[in-house]
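The structures come next, written out as structure tokens.
Next, two complexes with subunit A in common: one pairs it with subunit B, the other with subunit C.
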Partner chain A sequence: MKSLAVCARGAKRPEMSSKKAIKPMTLPCFDEMTEGDGAARALYSRIAKWLETSPPGLLDSRRQQAEMLFRRIGITFAVYGDKEAAERLIPFDIIPRLLGHDEWLRLEAGLVQRVKVLNMFLTDVYGAQEIIRAGVVPADLVFRNDCYRPEMQGHRAPHDIWTHIAGIDIVRTDDQDFYVLEDNCRTPSGVSYMLENREMMIRLAPDLFAEHAVMPVENYPDSLLASLRSVAPPRCASEPNIVVLTPGQFNSAYYEHSFLADKLGVELVEGGDLTVKDDVVYMRTTEGPKRVDVIYRRVDDEFIDPLVFNPDSVLGAAGLMGAYLSGNVTLANAVGAGVADDKAIYTYMPEITRFYLGEEPKLKNVATWRCREPDALKYVLDHLSELVVKEVNGSGGYGMLVGPHATKEQIEDFRKKLLTAPDNFIAQPTLSLSTCPTSFLGGVAPRHVDLRPFVLSGSDGVRVVPGGLTRVALKEGSLVVNSSQGGGTKDTWVLETDAATP
Partner chain B sequence: MLSRTADNLYWVSRYLERADFLARLIEASSRIAALPKTYASAQDEWQSVLIASGADETFYEHFPEPNEASVIAYLAFDARNPSSIRNCIEFARTNARAVRTALTVEMWEGINSAWLELKKFEAVQKELGRIDREELIKFLEYVKQTSSLYDGSGYRTMLRNDAYYFSRLGVYVERADNTARVLDVKYHVLLPEQEAVGGSVDYFQWTAILRSVSALTAYHWVYRESIKPWNVADLLILRQEMPRSLLSCCDNIVRFLDAIGNQYGRQGPAQRHARNMKRRLESTSIKDIFQSGLHEFVDGFVTDNNRLGTEIAEQYLIG
Partner chain C sequence: MRASVQYHFQISYADPVRAMNQVLRLTPRGFDGQEIKDWRVDVLPDARMRRNEDAFGNIVHSCSHDGPLEQLSIMAEGEIETNDTAGVVRGLPEKLPLDVYLRHTAATLADKDLLAFTQDALSRETDPLGRMHVLNDALHEACAFAPGEGETPRPAREAFASRAGSARELAQVFVAAARGVDVPARLISGFFLGTEGVGAAGAHHAWAEVFVEPIGWIGFDPAFGCCPRDEYLRIALGLDFAGAAPRRSAVFGYAREASIAVLKVDVSRQASWQGQQ
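Moving on to the complex of A and B:
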């Protein structure tokens, strides 16, 4: 998981007890529960009442219960290089995050549009390259991109779908707009938490859940299966054999891989379970080799085939790319899809949307200065202390300057970097992200959140289950929702009623 | 199903069955060792426990001589012993985690809870700096519960298909091996001519053998007489109704291998081999066995059972 790549404006706020949390307060940013005057928004009226009337200690005991359950079920993630804590829990916050139906419909329409455009862009980039010839996106941003796969050039992904499962990271700054922080077109994770968090809420707060008309997310595996079946190779005879490919149980997201395979009712395979013969992929079974038609792979491009990519990889299967390019097996997501979720391409998404659809983008982009452009570079250099500067190819908060939090030396350091290689950087303003009430030992306080809805694309259309993974930065004032750095999760409730309905 | 999945299921069962057996073996031997010297010759008790558990080869790399403390520490908690109870549970859990999708929620949660418990036991033990007898008894109880829980929830919740069959197969191949090992180590106290000599000393050995395969009560129900060594051997080798007897294990191995063969519509060397093992047991009597040598018989069985394990692996688990 990645960090929220923008930074908070505003001063630190003191923590509050659960009762005080819903009392009037002045917030420097949009709190999703309270209006400016401190009264609860209609959407959150029941949550506010619940927080107010819950006996002291209830939230604490629920949180402990949740932790115990998560451990028993084994919903853990691995932290690389930390053997002692090889299996950790992601903290779960018992207070749900709510979205009104009208808010969701706006978001959903934006997500569908966004993912359609991402798929069209990928089809074009690896095909006719019209967008490059039209001068909308600079050629070097595509071809010099680390995630661009020349092996895929001229290849059509089955049904022109490249990112079958996309995770679009969304942030809010007011009750109107949704901003895309980042597109994840490769192997976005977190959907198991979306589903397990819901189970946990139904178990731990059944009354609160029953008081709200919460739209279900539990059909996600069905939707995923339908999407994967729809993209089976056309030559695939009858019922396609679908598998989930995992790097194995020491991967940080292994729980999710096994969870998904289980919910889909398909085999969870590792590289060693696959063999390729005459451009056809088989899995080793107790009854001999069995043909594989669709691979939902959770292994990165670089590792899926030692013959084509990283020769030392044992996570994939030798010959897999050959089988894929021959059209005998479908990989989801497609090889090379990462070129669309790059930070540099991100900045062009509004133009890309207009180019393919002739429409305005329904989701906003965070304003971005591309330092490759001289005017933008000048502005960025003049405002370094206010901006967030990111490396185009960096991820997870590495290679990033957070102006308002940086020392003079750090700023000067970055100034040099920018002047040396402006092409490698973009800059964004510091956004004041929305907050949601979040529980702690002995209290409740607002914390910054983001949202990752999961968007499924099949030959039969785009599907989004109402909800997503809400990640919350548990440290006060922090914008880092990264699970390895103290980030937590919440259940996301999309209601059947509009936000203004009490 | 994936060969790797079948392999993991088979080994989860084997590891848990082994942990269960080790727990019973330690319990039974602790009882003997606690007896005054006039009732039991305790000095080589711990040596025979090491042999029965298969840990005698590596034990001496870490300890100068077997005694109660060192053997129990090595068999129960030592991470350096590949077959220690803690490693059995750890490996079972690792294997189970690799095939979570093939296990039912109850099976997985059972084994995962056991693993979490194990960590607690280890913490207590570390704090004490030694094994406390009370803690040990609790620990062994918990180990037996763990295998029963896994077994039972599998029985109650698994679909009856190849996943279930491979899981059962692991139980019975391991169980046959364990029973045979106990017989192999203790065969000398079961020989008829020893009876007059041994007297009361051997009585406690016989009950210990029965305890180690949880058959003491069963013995009384089946034979309705005081404990006779040839009956002990008969019970552990040839009695169909005794769930840990070699015959009962073979019977189940044949049953589940046949179920696999039927599901796949194909029989193989493993099925033929298992049927032969069962047939040999059915066509013999305890008298024959004693006549041709109990030790040789048991030795032969262990070899046969190992070969069966290899055949199952080659036919299904390597893929």
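Moving on to the complex of A and C:
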């Protein structure tokens, strides 16, 4: 999973005591459950009542039950660089996060617009390059980007869809605006948690669930299947053969790959199960080779074809790119889609939206300093202790500095990094992220959250399942919600009404 | 020079392979410095050959073979005429933005040593074209040319650290060095057709091209320490050797592969001279 890296409003001035910087929770931020005066918002009225009236110990016992169930299902993820606990459970929080119907409609419209623009951008970058010629996005940011694939230049993705499955990371700072923290156009993960969390909630808090008119997320696999079917090569048989391609069981998201294949009712394959002959992809079956039409691949670009990319890769299939470029198989997501979710490109999204649609972006961007610009770099260097600095190509929250939480040494380290390669970094202000009530041993307290909704694009339109994966920073005051950095998840309830009480 | 070129690549597998896919970049394109009068690429055993153009503008043949396959032959042959353009490459369709040729790949990433060497070599030359000549001379001086065009090249930093390399390795070093000082650069794979003057000709050769305003793309050969002349048949380009490689293949499973490459060049240099006069 990629990073959530905006930070709460922390130290305003460098001389402010570090204690305060570490406890930004003491500063006001939007709590999604309560109004300023501490009373519950109408949306959360039933949740508030449930929390009030639950017998002591109920939340603890439910949490233990959840953990036991998750272990039994085997839903774990691998932490890179953590030898002690190679496989971990992502902690699940029993208190759901709620969105009213009106809030969701606004968010959904913004997501649809965002993903439309991302696909238009990719079509343009690999095609006519008008946005670069118009001077909206600098050429070097695109063509020297690690995720740009020159091999795709001049190629048109089927139906001009490059990011069939996008995960757009959203944060809030008040009850109005939604900010995009990060676009994920390659292989966003986490949707299995969205689905499992819902099942878990229905099981552990059936009454609470029944009291709310929650919009379903269970149809996500159907929507995904419909989207994948819609982009099948035109020449393929009436019922396209779809597969999920996984790098294998050692991948951190392997559970999700097998989960999705199962829910979609399609085969889960590894590179070794695929062969390519004369630009046609086949999978091995007990009845002999069977033609493959659409591959939902969870293998990164560089590993999908040793004849074109990394020659040592065994995770893909030799000849796959040939089959893809000649239109005999569709890959989702398209090769090279990553150039659109780069953190440097992200900063141009408002301009990119205006360029293609002539409309204002419905979702806001977090204000961002591009350290490649000298003025911005100077500002960032002068305000390191207040800012969040991110590596442009980093993911998973590894290559970043959260100024208000960093030690002096960490800040000086980053200063050196910034001066050596300013192009590699962007910086963002410390936003005061919204919080949701979260249970932990012995109590309930607000914790910072983000949301990753999953946006599906097919030839027949854009689909968004109401909800997404809410990630929560379990440590008090922490703003890093990455599962690899100690974050947890919650079920996200989008209500059919604007408030909980009819 | 006008020549009839015959290239023959013979592969044998220690154990028969079950299936194989390959892509071949063995078809030269015409430009101001070379005219391709007739050219064909073939494989034996017979396979369905597909001819495509890749994003870089290379002509790529690809084919699949069913096993059991013990032996495989690849033939590329034709009639060509080359002219000495002092390395300048004009008249090719350029399909990619220049920025692409500033990308670093794993094989063409200059390390501190190579960067320091490059900056030092270039410190007294300011003319953009002059700088590239200086760089080529400096690399030619510093690194021994050790022909070995059958091997997978080491990354530029490794080859440079050993101060020796095959043509493809030295070309990658040149590309890495040029990009290291923000000059767009690419790797060229081709044939060296001449046998006179510059040591034994291998079948394969490789060199670099850099983009210098206002001239455009110009070739430099750090192995021979010169710019490509009419003895060079330019075939394919890439960001590094892997992107321009004459052949990339993958077999099902693992198979040890032995290969021999033979290049026959029937030159009629005089005829060409007469033609020019």
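The working rule: the second predicted complex is superposed on the first by the 460 of 502 C-alpha atoms of A that agree within 3 Å, B and C clash if a C-alpha of one lies under 4 Å from a C-alpha of the other, contacts with A are read in each partner's own complex, and residues count from 1 in each chain.
Please note the rule applied: a contact is a pair of C-beta atoms (placed from the backbone, for glycine too) under 8 Å apart; a residue touches a chain by one contact, two chains touch by 3 or more.
This is a predicted model, so every value here is computed, not measured.
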item	value
Three-chain arrangement built on subunit A, subunit B and subunit C clash or fit	fit
Contacts of A:A42 with subunit B and subunit C, given as first, second, both or neither	neither
Touching partner for A:L381 - first (subunit B), second (subunit C), both, neither	neither
A:A226 touches, of subunit B and subunit C: first, second, both or neither?	neither
Partner chain in contact with A:R284 - subunit B first, subunit C second, else both or neither	first
First, second, both or neither for A:D140, with subunit B first and subunit C second	second
First, second, both or neither for A:R71, with subunit B first and subunit C second	first
Gap in Å between nearest CA atoms once subunit C and subunit B share a frame through chain A	12
Residues on subunit A engaged by subunit B in the complex (per definition of touch)	71-74, 248-249, 254, 258-259, 261-262, 267-270, 272-273, 283-288
Parts of subunit A lying in touch with subunit C, wherever the complex brings them together	129, 132, 139-140, 142-144, 148, 150-155, 275-279, 306-308, 311, 318-319, 322, 325-326
Partner subunit A, residues of subunit B touching it in the complex	1-6, 94, 97-101, 105, 108-109, 112-113, 116, 162, 166, 260, 264, 266, 316-317, 319
Residue ranges of subunit C in contact with subunit A within the complex	19, 21-23, 48, 50, 52, 54-56, 62-64, 66, 95-97, 99-100, 102-103, 152, 239, 242, 248-250, 252
